[in-house]
């Protein structure tokens, strides 16, 4: 039986590697949750951009935005995603989930998705994977026991492929996620927030959970600006 | 693959273009949400009025008000909507959704609406479109997975037509929208508010999300007065 | 296409016309919402009493009180409703909704009611109409999409008849109405409140929405006393 | 058509007649709501005790306590209920609602109860009636539209019989009653409260609604002590 | 008809008899509600221990703990329950409710339980009875009207047998009990609490209701320590 | 009938034995509840690590993590779990619950699990058992009466086997557990918390319930650091 510790996968995002003792859990999946516009997609995108720079090809699977839209949004921060796509260090594979698919099967087939993911990962030798966003995959499941099993299956499959993954999730009310169980199944959970206090909005990040590693647990301010995100490492480990 | 950034579409509404770095996302759909009477319909109307002035014809599709009512309401702010209709820079196409339609099909047909929208857009060469209000379209859908897919379809269709659109939405409780998922599917989300503090009501606007652009994220006071709306650009980018 | 502004219909209630820039929207329906005993029925009654004085005959349709009860309640404020009934400037038409009707049809028939309203309006040439209270009409509807369509039908029918109407609604929890959508469908929404602060109860009115007109948006104290209601116009337009 | 005002029925309870401008609405039904142990049954009982003293025979219909229990509870305040029963000025008619009745009919039959009430009223020429508690009657109804109609029927029947009635109701959460609609159907609503503030419990009464009469609307402290209840008339009319 | 007052049954628990004007209602049932670990079972056990000392044999019916467990838990406070069992002043009758029973009948049969209770009461001539906890008995009932009728039946049966009973109940959220109606059906209701304020937990007891008797209504601190419970009688009657 | 007191089972976790008067209840099951990442799995793991040191072999049954993952996570605190497995003082038996199992049977079979647990316990002569986490076992049960009976069965089985067990549970909202009844069925309940106050996260533990023993009831800060957990025994017994 292996004795190995958790390895960290450098994100390359300013401040984030410091407060995670070196990056996200390598070979595992991180759940990135937050309200609309709080920066989930941009953080996940930058994780792939920096990965490309570090020689780790990345696969981006947006369920609700096309490759063109992802590129345009990234361009506003100065990222040249089409160039990365060109040189094979990034693959954007927009998976569209239609009404018919949901209504006919009563369920989105995870099997089909995994086959497609497998091909895409192999094509560019992806070391990093982003799925954006979980809700589209599982919104047709209303049995929480089944949802839980499917989440485990998805995360398990990603682990088997050896990729370091980020999966985004939407918040609902005061909880961390919509169903309130995704965060229990995940190895690492990061929550983004953009709430208004005294009419002013501040962006904050919190690492809620990181199995097998110390990390900051405070609410850390962060910025989105040309170039990318910067997390202010107010506290490293607490 | 195109490298292009997001383009902004000037609204012409006082203060709004300043806090959005130039206007709403061109060729995309903005979700405008708020409680009753907070100014959704007026903001959306002014977007079309200013568009007409800027040479961009507009299509207004109210689901619950007739063209006459829309005109009378606009007149109170000094807008001569009938004149714009006359000169072809505005088309008001009231779509009525009846009880029978809902009960027979169990669902309002988006297909029919899109055909009708297509004709209307072509008729005046509309560059701007307003749908007021989302709830009427989708109130018969109770499966959130299907709702999500239909929202994507509607927004996708509008993008394909190349128009810059505003779709209004109603708030429910503390959330941004009724279902709590519309804001995730949208590229741009603006929330209006008219809440009472110490027995006094103040109007406020917040740009919650704007994919691909910086913008103000604070709560910005705004006024409704003869001539139209004015947003106070307390902070531009934060 | 008509260019006309919204016309105001003087209520004659002390203070109310001042804070609505001249009265309720003529030819449209105002939703009057509030908790038990907050004054909905009395405000609506006074709207008809003053209408009679101004030469505008009124129709009062109470669903849960008989004409005798309405008169007795009004008498305590010094209104001689029977006299108004006598001289044809007021018609009180109590419509009783029985358990059987609800159980057999699963629904109260709006058609039947509209026919009856039509006859009554014609009989006295009513210019003002009060329906008290919406919940009785629609409590058997549990599909919000259908409820919405029916509300639109009722309001539309009243508009077609050219009457200025008040429809009362009950609050539930923190919202404005029971279903939370009535206020979106209405042209004008007024909320009454009689909440206890530090063991003392104060009556307050708020004009939440008035399409096509400026108005006060603050919480305005009001009194119920012999003679009728008086609203304190703390702020006219804000 | 009669021009008559609301008549008041003296309760004889210390302080209560002062804050209601003379007592409860004669010939109508008052809804008395509150949490467990707040004094509903005792207030209603004293209403009958004082009625007996004033020459108005009373009928008490407890659904969950036997006549013996009602008498024992009253005895602790010094009331000799058995004596009143003896001399014909009080009739206690315990109506038991069994599980079988509910399960077989899916509904408690109001018809049967009304027949029984009619006999009992006639037997002693009752002028006052107390039903304790509404929830037992209607707990099997889960359709609010039907519940509403049945409440109207019960209150209507009591009015027709010319009795002045008190019907008790249980609170649920922050609302006034369980269903949140009983208070809208009632002519008069009184809420009792026994909440703890800073570890100390104080009894309070509030007259929420009294159609056709002025009354205190503040929260009025009251006591339960040998002899009966005493309401402190902090404010008479506000 | 009897004129008798409520009799009190001395609990023998330090402080409790003082604040209840002499003890629990004799021959009636007291509902003892509270969160997990707040002391319900221990208070009820001590009620039987002190009863045994006062010559009143007691029956303890735990639904989720065996006699051995009850004894071990009591031992930690120095109570020698096995000795009481030995000398016939205590009978512990663990009633186990299995999954099969619930699933087959869709309902736990109260009839069977009452027969069993009857035998047990007769066997030791029990004057005091404790049922711990109500939720197990009724958790399979989801019709509140039926639940209410069954509660009345249980309490009625216990009254008929002439025993003084305590029945425990679990809290849920802010209410007193899970269903929010148990407290209305009961003659006496005591709530225990063990909430944390400023990181410190304090035990508190409140007598919410006691039909036919004065009592303290404040929140009274209490302790669990070797020997048993002690209630601090901050206020006797308020 | 045995007279024995509760025995304590030393956890060996710094500070925890002090505040529990000697450790967890021997031969009984402790419920360990908390949000994601609050330390449930680590506390339960250390309970087994210290048990191994004290000569009490332990069985760890993770439902959502593999043995490899459990070991890697433990390694970050310096624990050599593979060595313990090697020398027979620890057995990690990952039980995977698949979607098919849930959908076919509509229920996870407790029987099968108990057989498997029995074999595993016997194999290493386990004295300590950890099940991580309850939700996976029971997420397919939606009847709370059945859930309750199954919980009793599981806890009862563990008692019969004479092991001292920890079962982890997930929080939901403000309650202690998801269903709000697990804590009532358990003999001992410990809640972990990692909430943010003023942007800073602090770990806290509270012993909510411990049948048959005194214990601290305050919120006690604790740390996770190389070596393991340390509870700060602010108060021992209160």
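A few notes on this one:
Going in written order, the chains are labelled A, B, C, D, E and F, and every chain counts its residues from 1.
Just so we're on the same page, a contact is a pair of C-beta atoms (placed from the backbone, for glycine too) under 8 Å apart; a residue touches a chain by one contact, two chains touch by 3 or more.
Everything numeric here is computed off the predicted structure, so don't read it as measured data.
Both chain B and chain D are touched by C. The minimum number of touch steps separating chain C from chain F is 3. Chains making contact with chain C as well as with chain E: D.
By the residue-number overlap criterion, the interface of chain A with chain F counts as different, with under half of its numbers used by both chains.
Taking the mean Cα position of each chain as its centre, F sits at the greatest distance from chain C.
One inter-chain figure worth recording: chain A and chain B are separated by 30 Å, centre to centre, where each centre is the mean of the chain's CA atoms. Separating the CA-averaged centres of chain A and chain C is a span of 52 Å. Here the CA centre of chain B is 60 Å from the CA centre of chain E. If you check the complex, the residues on chain C that touch chain B are 1-6, 143-146, 148-150, 152-153, 174-176, 180-181, 183-187, 189, 204, 206, 208-214, 217-219, 234-235, 238.
Listing the residues of chain A that touch chain B in their complex gives 35-37, 41, 64-65, 67-69, 71-73, 75-76, 80, 82, 85-86, 96-99, 102-103, 133, 135-136, 139-140, 170, 172-173, 194, 196, 199-201, 224-225.
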